[in-house]
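Note sheet for the following structure.
Chain nomenclature is as follows: A, B and C, assigned in order of appearance, with residue numbering initiated at 1 for each chain independently.
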Amino acid sequence: MAGPVDGLPPLVDHHCHGVLRHEPDAGTFASYLTESDRPPAAGTTFFDTQTGFAVRRWCPPLLDLPAHCPPADYLARRRALGPDETRRRLLRAAGIGAYLLDTGLPGDLTGPGETAAAGGGTGHEVVRLETLAERTAAGFRAAAGRAAGTADAGEFTEVLAGAVAHAARTAVAFKSVAAYRHGLALDPTPPADDAVRDAVRGWLAAGAPRLTDPVLLRHLIALAVATGRPLQLHTGFGDPDLRLDHADPALLTGLARTTAGTGTDLVLLHCYPYHRQAAYLASVFPHVYADVGLTLTHTGPRATAVLAEFLELAPFGKLLFSTDAYGLPELYAVGAALFRTALAGVLGEWTASGAWSAADARRVGAMIAAENARRVYRLPAGED
Amino acid sequence: MAGPVDGLPPLVDHHCHGVLRHEPDAGTFASYLTESDRPPAAGTTFFDTQTGFAVRRWCPPLLDLPAHCPPADYLARRRALGPDETRRRLLRAAGIGAYLLDTGLPGDLTGPGETAAAGGGTGHEVVRLETLAERTAAGFRAAAGRAAGTADAGEFTEVLAGAVAHAARTAVAFKSVAAYRHGLALDPTPPADDAVRDAVRGWLAAGAPRLTDPVLLRHLIALAVATGRPLQLHTGFGDPDLRLDHADPALLTGLARTTAGTGTDLVLLHCYPYHRQAAYLASVFPHVYADVGLTLTHTGPRATAVLAEFLELAPFGKLLFSTDAYGLPELYAVGAALFRTALAGVLGEWTASGAWSAADARRVGAMIAAENARRVYRLPAGED
Amino acid sequence: MAGPVDGLPPLVDHHCHGVLRHEPDAGTFASYLTESDRPPAAGTTFFDTQTGFAVRRWCPPLLDLPAHCPPADYLARRRALGPDETRRRLLRAAGIGAYLLDTGLPGDLTGPGETAAAGGGTGHEVVRLETLAERTAAGFRAAAGRAAGTADAGEFTEVLAGAVAHAARTAVAFKSVAAYRHGLALDPTPPADDAVRDAVRGWLAAGAPRLTDPVLLRHLIALAVATGRPLQLHTGFGDPDLRLDHADPALLTGLARTTAGTGTDLVLLHCYPYHRQAAYLASVFPHVYADVGLTLTHTGPRATAVLAEFLELAPFGKLLFSTDAYGLPELYAVGAALFRTALAGVLGEWTASGAWSAADARRVGAMIAAENARRVYRLPAGED
């Protein structure tokens, strides 16, 4: 009998990142298995995590090794194959038809087209607002050839608005990492023009460092919302820069209210351990969506239970698959495999008990895997 | 072998609402499947939710259709049977012996006796404090025939106290929706008399609009607590008027402390996704209880897991069944069916593993289904 | 085939308390089944909780009675055996090799060596900071023979620092209950010297009552961190003194940042219902650990699910077993039995599905059961 994920369409990975172009050493490889930016505790290794175990489960067979082989064997085989062949094998196995790739992270990483080419799909860009602002400021200051002064604040504000509008022509979405930069307890209304100019002036005068000013973070969100492109928002867990309880998506309730009716969708990324809160917001605000990525990748065999928790309140048309893969092509393979496993687990259990019909289960599986994202990001239906 | 829910007594639904007296159109029907007061997102339907799927699982067979039939077929059959026969069939199937019905919602809805008559049980009234205050103010202002002035504040305060005392003679409980009107981060002490009069004066002068003044919300709670009737408090998820994290029942810790020893019980409604917090409060405060309703109805096949989470810390004498059904008799049928399924699931698993004895499981099932509520609300043991 | 917990080493119980030296009466016995310090609700008993049911499942067979026998039978048998034999049987069954015992609770309780002797392991002391300060103040005031004045503040501050340093010579860890005394939203930086002296002066002048001053709580944490001994911090649920949401371990993010690089480890105790938050902190900060005790004891057959939730984000080298047993030797037997059952459940399921290898499962089981604690608390490897 066909299972609920047989016949699933190619996945739409609506939030991911580039992978390293070159072979990482063992320490670099392990550092991508965790959201931490710090070394492992003495006596421990990042391989001893659900992500590490999931990589060892799913990836060695794709490189002709037995599942759960020791990390050293896996890394040796990876080196022998080289980064291009490794990437090709791991990405092909993921079965992803469209990659919506956030290009705002540093490093020698593959871009949207390059990633998609290796995986056999199409690539699309997601523009990270804070990175766009920082890059625009760097260019503006270099062009001005001097520290930006009072007169420049208004000019830069226009340049920045132009940069967001320009990006919206080709990007499929914007992304905000305000959760990292300030926390999500932001005033949900756009800041006044003069407040923006004052904040811009202060930021430029300070040399346009890492953007953390809440006025500017709110202004970027307002600029993005005005474009009509879906806005992805980091919520929930991440690296230790973030204060977890300040990343609770419930803190975005005000933004959900002020953006209702604008025609712009908000997509809550990651969400964990507040995924039930995110699902609630997706259930009561028509323009709010939630994402299961990252969370499934990091929870291994618990991905099934966590996906089930998402599916308590989230309407089935409001949940989106992603991998949030970053740096390692392994994270694409693992994210896709855990998603398929988790989806098969929950849908299989619910159809077996009679709670859901098999036809409904197949339909909902396809919605979460690809169709919801195609609708939200206005991707062509059959092209990818 | 008898399962753990065989022989369960008729349920006591300690928190529910009336159902529509007339046949709803398709859009109206769907709008009752969600807590949202907004339209579904473009390309989605409220039928594609756990509540929608649960209705399609449990209700068509009660109307002579196959489970999981298309919504249009179901609605057509419902129309053919008419609202009275539909209501009768769905309510009878729920197996509810006592309905404790909150009469504070607007609409052409069945009352406690009318609902109970259709279902074959007895009806009791739960009085919603904020609605009582608003209705009392409307009557007071109409009788005064003018905008209420300074002198009226003291008078209205007395009228309001009388209205609460009067309601306590027949109502089995009061209910507060302070979570919607202000959030639960309220000062847990009763406001001073002059603060109440000032707030009353301001509210009457403004035309007694939707009651959101925290002083008046606290005053209503204090009036209700003074009657000795159990006080139901909305906590956790609901419609988007509510800010979810401001409805965390942990915010009621102060109220639990200040009402300890008054002899009045507090019943935390819904609770999700903070049901573990609610269970904790029920475990440490003798007069605090928690409710599994609404949450089970909205989580479909996940109701088993959610009930299990409630049953981690909640003492077994502190958990109460409800449906929180509103508008559609389907929500009574679904709420009761999911409760029985979830209860059979958790108790069955725990007895099968040897963690619980079968006798204890049956005893605890009856407590949650009916006995705890009969004790808390002082309902006659065998009458309903 | 050997299961994943066969061959588990003797457990290291890294956080526990003494047990009553004398036979408790029925009411006293029941009061230790709950974290509440209040009586049960009318019509209920603390035996009707997961802890009560777990005691009835695991302990009667150790005293020659059938599992799930009535509480009265169990208590009668317990009296017949006497407290020493009861303690010996229940502790031996727990299979604990090392007891790290918090000596800061009042009552006629067994000490670390006494507890360990009954159980057949070794005992170690965990010093509760607030109790140490209160006891030191009582001794200081008695020695001074008068109410402490201005001149004494500096002197007491030195005496207190000496007491902490002295305790660090023999204790394996310190413990803070700031969650109970103030909540965890404390300024994460050590207070300035003059602020400490002012706070000491005020506290001594008031007669050194229960220590709740946030400056002194922070100062105690700073003194403990300076010793290099691991610092255990109460987080999550406990008795109703505590406001649950103020005990969310996410509130310790600031302390995790300010203590990074000091060489001192932080161990988050209990954590529930914020155990996913605790696991997150353990995943991003190398020196942060999380504890599964208390939580497993109080959740009965749900311990398996709760342990699984811990194991979503927590690196496997960062999770520690404990019982948090207090007062009753039953809580040692139950805590250890539920831990073994839960561990066998999660590891068994994950190896059966192929998600984990059997060798990894055994290795991770031993880490959580004993090895992580031996490393963190620098216990000898084979001695206990």
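Here are some notes:
Criterion: a residue touches a chain if its C-beta (ideal position, glycine included) is under 8 Å from a C-beta of that chain, and two chains touch if they have at least 3 such contacts.
Chain identities (UniProt): A, B, C = Amidohydrolase.
A quick note: this is a predicted structure, and the numbers were derived from the prediction, not measured.
The fewest steps needed to get from chain A to chain C, moving only between touching chains, is 1. Counting the residue numbers that touch the partner chain, chain B and chain C have less than half of them in common. A turn of 120° superposes the CA atoms of chain A on those of chain B, with the angle given to the nearest 5. If you average the CA atoms of chain B and of chain C, the two centres end up 38 Å from each other.
Within chain C, contacts with two or more other chains are made by residues 305.
Considering their complex, residues 34-46, 48-50, 53-54, 57, 67-68, 237, 239-240, 243-245, 272-273, 298-302, 305-306 of chain C touch chain B. Taken together, the chain A residues at the contact with chain B in this complex read 248, 250-251, 253-254, 256-257, 260, 276-277, 280-281, 283-287, 305, 308-309, 311-313, 315-318, 349-350, 353-357, 359-360, 364, 367, 375.
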